[in-house]
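Note that chain A is present in both complexes that follow, paired respectively with chain B and with chain C.
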Partner chain A sequence: MDRQAIHDTVKTYILEQFLPGEDPNELTDDTPLMTTGILDSLATLKLVTYLEEKFDIAVEAHEADSENLNTLELITDLVARKKK
Partner chain B sequence: MSSTVPPTSTGPSAVRADRAATAVPAAVPGKFSPGQLARFGAVGVQLALLALIIRTFDIESAAFFRVMMVACAGFVVNHFAPSRFRMAVFAVISLAGIYFVMGRTNAIQIVVLGSVLIGLAHLPLRFALRVLLIIAVGTAYAAMRIGVFSLVSNAIWPIFGAMFMFRLIVYLYDLNNRAAPVGLWRALAYFFMLPNVCFPLFPVVDYKHFCRSYYDSEDTRIYQTGVEWMFRGVFQLILYRWVYQHMVGPEQVVTSLDAAKFVVSAFLMYLKISGSFHVIVGMMHLFGFNLTQANNRYFLSQSFTDYWRRINIYWKDFLQKVFFNPIYFRLNKRMGATASLILATLAAFFVTWALHSYQWFWIRGKFPVVWQDIVFWSIMGLLVLGNMLWENKHGRQRSLKKKISARDELMLALRTIGTFVVICFSWVIWSSESISEFGMIVKKLVRFDAQSLAWIVGSLAVLGVIAVMVARSERAKVGGGLSKLKKPAPFWLPAYQIAASCVVILFVAYAPLKFHVNPAISNVVDNLKTSSLNARDKQMLDRGYYEDLTNVVRFNSDLGDLYNQKPPNWDRCWALHSIDGFPNYEFMPNKHVWHKGAMMTTNRWGMRDRDCAPKGAPGTYRIALTGASHSMGTGVEDGEVFDNLVEDRLTAEHAATDHKRYEILNFSVSGYGPIQQLADLDQRILPQFEFNALMFTSIDDIYWGVKDLVDVTTHELPMTYEPLRAFINHAGLTKETSVAECVQKLNPHAGEILAWVYGGIVQRCRDRNIAPYFVVVPHTGATDATVEARVDQSIEIAKTAGFTVIDCRKAYDGLDPAKRWIAPWDSHPNTQCHHMLAQMLYDKINEAGL
Partner chain C sequence: MSPTLQRYLESSVASHGARTAVREADGTSITYAELGILSDRLRDRLVALGVKPGDRVGIYLRKSIDTVASIFGVLKTGAAYVPVDPSAPPVRNAYILANCAVKVAITERVFEPALRHQLAGEKFDPPLIVMAASGGGNGLRAALDEMDSAVSAVRTETVYTAAEDLAYILYTSGSTGKPKGVMLTQRNATSFVDWCSEIFSPVPGDVFSSHAPFHFDLSILDIYTPLKHGATLALIPEDVGKEPQKLAKLVHDAGITMWYSTPSILSLLVQYGKLEELDLSHIRVVNFAGEVFPIVHLKALHAILPAPRYFNLYGPTETNVCTFYELPRQIPTERTDPFPIGKVCAHLEGIVVDEDGNEVTRGEKGELCIRGESVTPGYWNLPEQTANAYLARDSRYYRTGDIVTEAEDGNYTYAGRRDRMVKKRGYRVELGEIESCLYRHPDVREAAVIALPDEALGMKVRAHLATRDGGRISLIQLKAFCSQHLPVYMVPDVFTFHAELPKTSTEKTDYQTLMKME
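Here is the complex of A and B:
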């Protein structure tokens, strides 16, 4: 799966799960997700579980933070790195 | 240690963290431009105004003002320092702060002990071995903390503990995961960060966040945010002072409105913590650390998970990172999401309880295991868990739309009110002395009268409206789309607002000095400008209700600050021993002990006095003196107690004329109330000694009389005076009744109790041809109208009973109240007070022709 596909899959999931009804164009690559509360603790765990299942990767406990999950770009980076 | 990520650290997160931590923002090259200088100057002006407020209102402590001065000077130095040296500059400023606050020796000890731990964390050994070594050294430090042995000053432990007890855990975690860069200056800056030296309760700053947030935005914007948060913090600390000065004790709760105020004020005590945390995090911003806001409108939480996030995000993040996530991720693969969520949440709250007690261990030197903590954290854990499971199943509403329906707003208001009420109650449980005290408050609360009900419902409705308005305001900020979230915060508007607010606060503070202001308003402002115990705590301190201080000071930082300075065993009097009966303790004979900073000696009769015979020599006028600690001379040396001074002077002055000798026999025992003094008269004094006059000393017997009966009830002491036993029985008091409820039920009868006791004493004197005198000794601190009214009432009762009153309440007038105590944490009168009381008593004795 290429980077763009990962990006689109994750974006679709976030919009459907956590921001239903929001304009997809508003969720850009650098929109802060964790620091603004869009992804709270529970949503972060859900997202990680989804990423692990969808992309068949393992995310470590210390990786589930804003450094890796705060924006769409960072999430895409994380998945792409794990897929290598 | 290297200055960047160690060679073994090749993880991408470490590389990114390092890049972020060492990146220099674009604003730095232009810091000498007129625009940037103007912004820097604006921050400086706000900072100066804040410093003036901190000084005017005596915020926190003298140490805090010193740190503020260091921060102001350091702010300028740090800003103009070359970017690559800024971290080192901050580390040096932080170390200087420790030196200025703690002194050279203590500062060296803190740095050396801390450096040992940091050094161990970086030894070229396996991680597990390094952790074991740190635990071993930490155990040795803990042994020193509780006095098993001592190599360093005891004064350093609260601050040293605050610096290392949690941050070392986070540091090791990040070190193990190579999540952030390391370096000598960065480590020193992280562990010894400037504000910590005067705030033992400190947010658990995450090391990775500390590194990544460093100058991650335009510098003057970071500074401005810092000043805003410091202002909020200072404002909250002033507000806390107002709440603290006006809060009622459980024994003062009468109506349901009183109960509601009590419940809310228990929660409002957190203003002290949130105010401090705002100041701390704000101060860190002045040095480029763009840290997260610690507390965010926690009174407006809409759910328990929301509350858990808002009340202290640093704690929640620390717990999640080091405990919750590792447990959840490990279990999730085996047990599934829901079971792992439950177990990880319960484990996280168990750890929270344990770490809170661990925190108190370093700060106070005791590891409290009390039912209140266990119940509180269990309730919080279950509430948050329930909320999480519900959100896990149903999802949480996340909307960035500008408008939501009226129904949704109503639900938001109701959720906020519901959460607030439940949290307030859990805080009352946490701060209650006993379950029965909590039960009493609830009983009072549900006995609604119309006026109280109107106030309570109205106040909750206002809270709901505020929640809706704030939510609207927050939505307006991001309304119209997610892109608004990325918009940088404005600079000048908040700068003007903060400066103007500071000027207004300073005007309010100084206006009463310059203009004619209503005395009531002036009094409120004066109280806000002074850090002192509230009336209830002063009374409790005087009366020794705070026996188990570890429990009390968990919720009372003002008392806690005082007690933190108190040497171990300060309250222990080695000359006292327990006896069967009432009173249930007395002085042992022929003891010479150190007590509360002075040597005290008891004679062969177990009196804190010189030796005496049961009968006086011919020509000797003997006065028996009864009383409590103020009359016994707690904290002053032998021979300096006021009765000794009066006795010496009377004898010396009469030696040249009528050769009359005076003896004052001091039978006072610390903690004795009027009923105990009556029992002592009956059992010891009257059967054994002959004297001409009795001086019964009193400080606030309306209160002390009730306390005696409360002690009889709660400690199941024998009470042979049946009329007094009847008061207990009629009130339905038992050993299980809380102190607050006992006080509340006996208070209405305090006058009758005292009249019976005083009448009995006077009758005994008359039967033996002894002249009864009632000596009113003064409080060492300022007293409020309530206390004065009680003292007036006890004087009237004494007069009615037949005492001759000698009123010495003005004995300490002219002496600064701050210079009257034997120690900052102990309100007993010092030697100078005893000399002043002796002077007044001598004059009054002469006036009375005794």
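Here is the complex of A and C:
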């Protein structure tokens, strides 16, 4: 799966799960997600569980933080790194 | 000689000087003797900066050994400390520091630029003690070294304040749109800590968790109970505290014996922490407070960890813990009701009153009112709100705002609120404060915020909005806007847009109708 496909899959999931009704153009690659509360602690856990199942990867506990998950770009990076 | 928080530390320094007082998540620690010296040095520096008994000193730091040393440094001057939430927006923290006119604020470089900018907006310019970064006590030590190399601070004596002097001010959500400062005296604090000593019988070998942030009243039990008894305080940083697997590992590695947190955190731990894979037999007490513990998660936790004693502690910041209930050793599988909040603590007295302030007969619903040694003298610089906080016919009784019933066995059961305050993840949230924030958004014409029970979150905050042009506002923009003014836990979970909000016959927002909307 290439980077763009990962990106689009994650973006669709975040929009559907955490931003129902939002204009997809508003969710850019660098929209902060954790520091704005769009992803609260429970939403972050849900997202990580989804990433693990969807992409068949393991996200370590210490990786589930804003350094890896605060933006769509960072999340895509994390998944792409793990898929290699 | 009345007990004071600073005396607890002095006494443990004398009896347990070589023992570990505080430990950080990475294992860095400080002994009682070292903590005594570091806090003495800060005391001297604060006095040199003009801090006097009765003043306030702000603490704007990430949780660390430096923070604990700073708290005691402030107390030793006879001043009160004012801890602010390092994860809250700087504009809110600057408001708090200006509101209680701190004489000095202690912070670290990462917060300094935004804090200075916002303080300028408040036209308030206290001296700042800025450490490069808090951690291990080294940030504070280095900052003091640097100031000493310019001009050394004169050695002073620790001030043992009177029981009625302020020890700290904890700011909570305020219904008028600004946070309000709950004033707590030395007696308020020590009467509660002494009660903790009675109930939990701490010993020097105990390791207490510090999960709650220091601006939260759970921190009072966390910090002072172990330090009074020569035990160890294990600090849990803000980020680890929200990540169940990391947190579970830390509880294990730190050998925590006394746990205290909100039920939200325990619910996350039991669902996602993989607790069953760890040997946690060192835990002897599990305390929870701040909100109702959903029984399904409590049962699951009890099944994995059956050995500890479990306590449901209840009380607002204004009284700290005022009732408590120890869970039975076995939880019946058929139980679906939450456990009671229990009986009034020995240092306090409680009554249940109706809307006119008259005591109800046992079994009837009414508002729980508390009097006694741990009850706040009121809110900082808010005489009207202070007056309204107590029972009109007997102003010693603080009105908790919580509706309870008293059972035959004397245990109280929580039944709800009489006002618009809710608890989310254990935090007090005034829905009015969120509305005030939303009204600051240029596109918002009307805003009404309600709270709804939610299985996963406990409580879900929903904002109903009508915009100026009748359209929607981007959720991302709204959440980003709110997070600039409010702590993240106060940002609404759901936004719903209306052409206009429903009104009652007197043209007020019809909250009843909003509550029923899908």
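Operating definition for what follows: the second predicted complex is superposed on the first by the 84 of 84 C-alpha atoms of A that agree within 3 Å, B and C clash if a C-alpha of one lies under 4 Å from a C-alpha of the other, contacts with A are read in each partner's own complex, and residues count from 1 in each chain.
Rule of thumb we're sticking to: a residue touches a chain if its C-beta (ideal position, glycine included) is under 8 Å from a C-beta of that chain, and two chains touch if they have at least 3 such contacts.
Please read all numbers here as calculations on a predicted model, not as lab measurements.
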Based on the superposed arrangement, let me know which partner A:E22 touches: chain B (first), chain C (second), both, or neither? both
Which holds for A:I38: it touches chain B only (first), chain C only (second), both, or neither? both
Just checking: does A:D30 make contact with chain B only, chain C only, both, or neither of them? Give me first, second, both or neither. first
More chain A residues in contact - chain B or chain C: B
Please indicate which partner A:R81 is in contact with in the superposed arrangement: first for chain B, second for chain C, both, or neither. first
Quick check on the superposed pair: does A:A64 touch chain B, chain C, both, or neither? Answer first, second, both or neither. both
So which bits of chain A does chain B touch that chain C touches too? 19, 21-23, 26-27, 31-32, 35-38, 40-42, 45, 61-62, 64-65
Chain A residues touching chain C in their complex are 19, 21-23, 26-27, 31-32, 35-38, 40-42, 44-45, 61-62, 64-66
For the complex, which residues does chain C have touching chain A? 239, 242-246, 249, 268, 272, 456-457, 472, 474-477, 479-480, 482-483, 488-489, 491, 493
So, in the complex, the side of chain A touching chain B is made of residues 17-19, 21-23, 26-28, 30-32, 35-38, 40-43, 45-46, 49, 59-65, 67-68, 81
In the complex, the residues of chain B that touch chain A are 12-13, 16-17, 173, 177, 179, 208, 212, 292, 305, 309, 316, 320-321, 324-326, 328-330, 332, 337, 341, 388, 391-392, 395-396, 398-401, 478, 481-483, 485-486
